[in-house]
Amino acid sequence: MTFKELSSVQCPDDFEELAEKVLPPEVFAYLKGGSGRGRTALANQDAFLAWDLLPKLLPGLLLDSTSKGNVGMNLCGVGFSSPILLAPLAHQALYHPEAELAVAKAAAASSTGMVLSQWSSTGLADVASILNNQSAAQSPLLTQMYFLNNQAHNLSLIESFHSSGSQAIVLTLDAAIQQPSMDAMRAGFVMPKNWSNTHSMAGAVGIADIEWLLKNTHLPVMAKGVLSAKDAILLKQIGVQGVVVSNHGGRTVDGVPAALKQLPAIRHAVGPDYPILFDSGVRSGYDVFKAIALGANAVLIGRLQAYALAAAGALGVGYLLKILNQELTAAMSLCGCNTLAEINADCLQSVHILER
Amino acid sequence: MTFKELSSVQCPDDFEELAEKVLPPEVFAYLKGGSGRGRTALANQDAFLAWDLLPKLLPGLLLDSTSKGNVGMNLCGVGFSSPILLAPLAHQALYHPEAELAVAKAAAASSTGMVLSQWSSTGLADVASILNNQSAAQSPLLTQMYFLNNQAHNLSLIESFHSSGSQAIVLTLDAAIQQPSMDAMRAGFVMPKNWSNTHSMAGAVGIADIEWLLKNTHLPVMAKGVLSAKDAILLKQIGVQGVVVSNHGGRTVDGVPAALKQLPAIRHAVGPDYPILFDSGVRSGYDVFKAIALGANAVLIGRLQAYALAAAGALGVGYLLKILNQELTAAMSLCGCNTLAEINADCLQSVHILER
Amino acid sequence: MTFKELSSVQCPDDFEELAEKVLPPEVFAYLKGGSGRGRTALANQDAFLAWDLLPKLLPGLLLDSTSKGNVGMNLCGVGFSSPILLAPLAHQALYHPEAELAVAKAAAASSTGMVLSQWSSTGLADVASILNNQSAAQSPLLTQMYFLNNQAHNLSLIESFHSSGSQAIVLTLDAAIQQPSMDAMRAGFVMPKNWSNTHSMAGAVGIADIEWLLKNTHLPVMAKGVLSAKDAILLKQIGVQGVVVSNHGGRTVDGVPAALKQLPAIRHAVGPDYPILFDSGVRSGYDVFKAIALGANAVLIGRLQAYALAAAGALGVGYLLKILNQELTAAMSLCGCNTLAEINADCLQSVHILER
Amino acid sequence: MTFKELSSVQCPDDFEELAEKVLPPEVFAYLKGGSGRGRTALANQDAFLAWDLLPKLLPGLLLDSTSKGNVGMNLCGVGFSSPILLAPLAHQALYHPEAELAVAKAAAASSTGMVLSQWSSTGLADVASILNNQSAAQSPLLTQMYFLNNQAHNLSLIESFHSSGSQAIVLTLDAAIQQPSMDAMRAGFVMPKNWSNTHSMAGAVGIADIEWLLKNTHLPVMAKGVLSAKDAILLKQIGVQGVVVSNHGGRTVDGVPAALKQLPAIRHAVGPDYPILFDSGVRSGYDVFKAIALGANAVLIGRLQAYALAAAGALGVGYLLKILNQELTAAMSLCGCNTLAEINADCLQSVHILER
């Protein structure tokens, strides 16, 4: 797919259609689906429809200032040129032969932060070498971690994060229960054999495990999979430096709340200065704007990343990031926000929708 | 259907599809349908969608402890190894040649409580002999009762309950008005001729009838078909030992409330210690969890039982019970509940849905 | 259609399907449709779905007492054996050659009150002679009236009501704006030529007109087409003896409220003793029960009457009335009501639906 | 299309279907669509369904008085014979060869106010000469303006407004972000080459620009595109003489609120005497009535105008205006309003709908 062909893509969702054309049906079904009947996965997207953008005409639209890219931000001491980051997605070779390398190239080219999955199809060192070039400050590398049943393995994992130049650890807590969607299973999807390593994941990560991790790394640790204010408060109390509000894109138990719905209460609970990342259901730069307005500092892009990767490799991911950032700045212009800090709930207006 | 084939069943609802394949169309229509247009039957299921499960990450998921089966409970002095019981379903020969015997075998094999219908296709003694073996404590037998117009018949019925080893009587109060769904009637369903005994049911069971029953049995009596707090309070006052919150699976008058919707107010009215069973609309172990969180002590499985019975006899019912219990413990793990007693409304979050 | 064939009718709505088979398409489209896009006509029916029946088990279901027909009532001094009355429908020759005579026969045979339309296809005297036989007290005749532009005509109309034995006048106030549904017009429906008399209707009936009528008749007058509490209060103040809460079955301007939705506030405004009739959207005896629970004394049956008339003449209307009354008493039994006076809002529970 | 054929048009929406038949598919898709997925464009229409008309029977329907056309009003010192005005639509040659000239003819013939777009396909002078004849007071000309990047061009534009007899300037503020709907782009729609002048629009109109305009014209200025009370208050404070509550028919960023939803709060904020025009989503004279009841002084007709223009040129637009005014007076009769001033929120009743 050439860049010219890509220009026919009008919105991020168009990548889903393109991905469906190139992926084996069972892989696409797995990628698209949430667990069970996919109710939570749908609810994640619907939750964004519960908010309209409220335009602000005066003192004058801000197209120029925001289109200059004034969307830089700092999270846990790491600087990013945009609040739109690439989410950790396992085993990307499922979607494109270049896998995580293609994503890293797009991240480096577009100065985007990337969170690499522990179950990467590509070695951490290879990905890091792409991101950690001269312009490393522009495309920070973060590393996602599952707790394994073997503490020695956990230690060597942490050491690999340190040596690779990772700037933060994203510890996933919500993956104990996961299964492909019924659609995917009916389409014949089976986990690739080399995913067997996932069996070594610790079933239940406890407070002691997290405290152990905090003692064994100098990197900031963010806990991923938080859906309740209680959990967020507890994680903050034990020293975790930030949380990722997420329901794993609807991939854990079907029937948990839409992630966006939980965001305001969690922000309220942890206070204005505690770092919050968000994912689950983001399908446009307008959605990014809404998540920030409701309390997120930054947003992880998951399924869209895989769709764009499948459709056009590094080029696709790069183009996706371009559109998402354009949409974000368009929303900022519309609502009169010069900087990310000016985005707040007053920019939104609630809409009466049904939930699924 | 072999056990291997059964393993393709991914969720309890899959048994509905399997049952549709093997049952005569009019029998399936009768089994599936509620009365009238089936609005209440649909509302029963939808009511569960009005609640999401709220995950609790810390102090650590509890997969191991709950998967060890710590879901025992006591109801009216009877001990059960799980809060998932088999509902009284009339004339099961409609669904499988082994009828209630197959269900009893599954109950005994899986240590599940079973409530036998008064209009059983199989003799009470035969069913009891399967359940009342050495491990009787594991698969308690309860017996369901309709009041008949003939008091002598009622007495001999009670005596048969006593002699069979029944541990409780479930007295059905809501069956005065019942008819097959319009779909079933249009599909040509007619009540089997030997159902004519149902004509001997007393049309209106009153307080005096219930008091008579209480005097003539030493067994605990639970009243089935309660949908309002007022009825529950009155039943408790006259000495009934428990209630079954139920709308007969939507089989009485179409247009009564979803049973789950009524549950919290009834629990509030009778206090925390009064036994409440629940049925109507349960389609998964997650639903069982929700019913318990909203006030039930235990849950009766009706249509799913018949679907599984039709699909694969005792094997099907046993496999159904296995999945339901797995889903229940998965929900407990997700929400941080070590025991049934820890399941409460804080584990749920309301969802804005439409009702039918 | 024989009575045996009729017994395949399982609910009143089944008559709609039967009518569709026998009526010319444009006539059926006219009969079924509301004005415009039919939104109000649909809303009329949906409004009933906003209420569930709340069963009452104790002190015991009342099937027997109510099935004995204890549903008599008195309205404006007229006694009726059931609160289910036949609505005034214009030009019934459109639906069946026997027209209003067939309806009157059914009314007489089933002891039902009938309101004859001013634009009857059949002469008032002929209809009256059927109803005013020995058993006249059982099938009271009421007459519906439009104000004409010619006062002499109005006077002679009133005199014909008096001489025919009419026991009350139902004055329609909401017919100034009416047109067939768009579907009916597209199906080619045109008002029959002899409907040209409708052009002589007074466009705007005012207070002075109503007061004139009250002075010129000894009969009680009920005003039809009331949707607001303000209008009801004003009508009561000027001496009108009752109101019919109705939006003309959705046949005036499309986009007025569902009639049932307006009923509780109107009952509240006029007090418990003021006569209120209700129509618009009633499709079952359960709906009749709901309208009474929300404030109506009795209910007029419009479209269903025409469907049954079209399907099977007097036999059809009679069978319809039988089913409606059975459903009403079934609802009374279910909710523990011995008499109409015991039907109230506590028998219902609100449901969260969408309106159209 | 002859006038006789037009008489088959039963409601304004019928023009949409007719337009679809005569326009090239991509032009129709552009005209019909909102930006993006068209959610805001749909929400605009749905917002009207959130309100029913509440009929008022007494003291008597007002068909005659209102049908005499007592709907005159005054806006910013300009007199209009109806509150239904023609909206500024760019480049109408897309829809009909006579373009804005046909619309002007219809306006003059029906004594309707017309707002001419700055990007008119027809010269301002030619349009003005049609409207500014003897009966000019009956069809006032207003002119819509975009700020250009070149102040000299802005000045000459204002001078052309003055010399043409324009009676007010409608300054559009919400056009910085606009794009055709995805459907239109997929249908191959591209902006006509001569639309390139739109590139000279100033991206961001600020307070200083508006103040400059107010100093350089004696005409009243109304600001178009207001969706928030804050913006309306600020515009009033700096001396703008009125606002147009509008989201550009859903053509800016998809996902802003339905315009009608914002109207009551804006009216409340600016007080009862400040001029408010409204557009976005109006599809009938009943909708016009609702917008007035919720706070508008008058309403602009956009898409319907183009549909009628495409279907039948001046004749179509004239007939559309006739129907719209008939529906408006029918609603006034129904709700007991003798004049526009009597139309208020008490004439409406809220309906529980979903938003998109």
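For clarity, chains are labelled A, B, C and D in written order, and residue numbers in each chain start from 1.
Just so it is clear, contacts are C-beta pairs under 8 Å (C-beta built on N, C-alpha and C of every residue); 3 or more make two chains touch, one makes a residue touch a chain.
Just so it is clear, the structure is predicted and the values come from calculations on it, not from any experiment.
Colleague: Tell me, please, which chain's centre (mean of its C-alpha atoms) is farthest from the centre of subunit D?
Modeller: Computed centres place B farthest from subunit D.
Colleague: Quick check for you: after a Cα superposition of subunit B on subunit C, what is the rotation angle, between 0 and 180°, in steps of 5?
Modeller: 90
Colleague: I'd like the Å distance between the centres of subunit C and subunit D, where a centre is the mean of that chain's Cα atoms.
Modeller: That pair's centroid distance is 43 Å.
Colleague: Subunit A to subunit C: how many Å between their CA centres?
Modeller: That gives a centre separation of 60 Å.
Colleague: Residues of subunit A that contact two or more other chains, please.
Modeller: Within subunit A, residues 353-354 contact more than one other chain.
Colleague: Using the definition of touching given at the top, classify the network of chains in this structure as line, ring, star, complete or other.
Modeller: ring
Colleague: Mind giving me all the chain pairs that touch?
Modeller: Final set of chain pairs in contact is A-B, A-D, B-C, C-D.
Colleague: Applying the document's contact rule, which stretches of subunit B touch subunit C when the two form their complex?
Modeller: It comes out as residues 36, 39-40, 43, 173-174, 176-177, 182, 185, 203-207, 209, 223, 225-228, 230-231, 234-235, 247, 252-253, 255-257, 353-356.
Colleague: Within their complex, state which residues of subunit C touch subunit B.
Modeller: 10-11, 49, 52-64, 286, 330-331, 333-334, 349, 351-354
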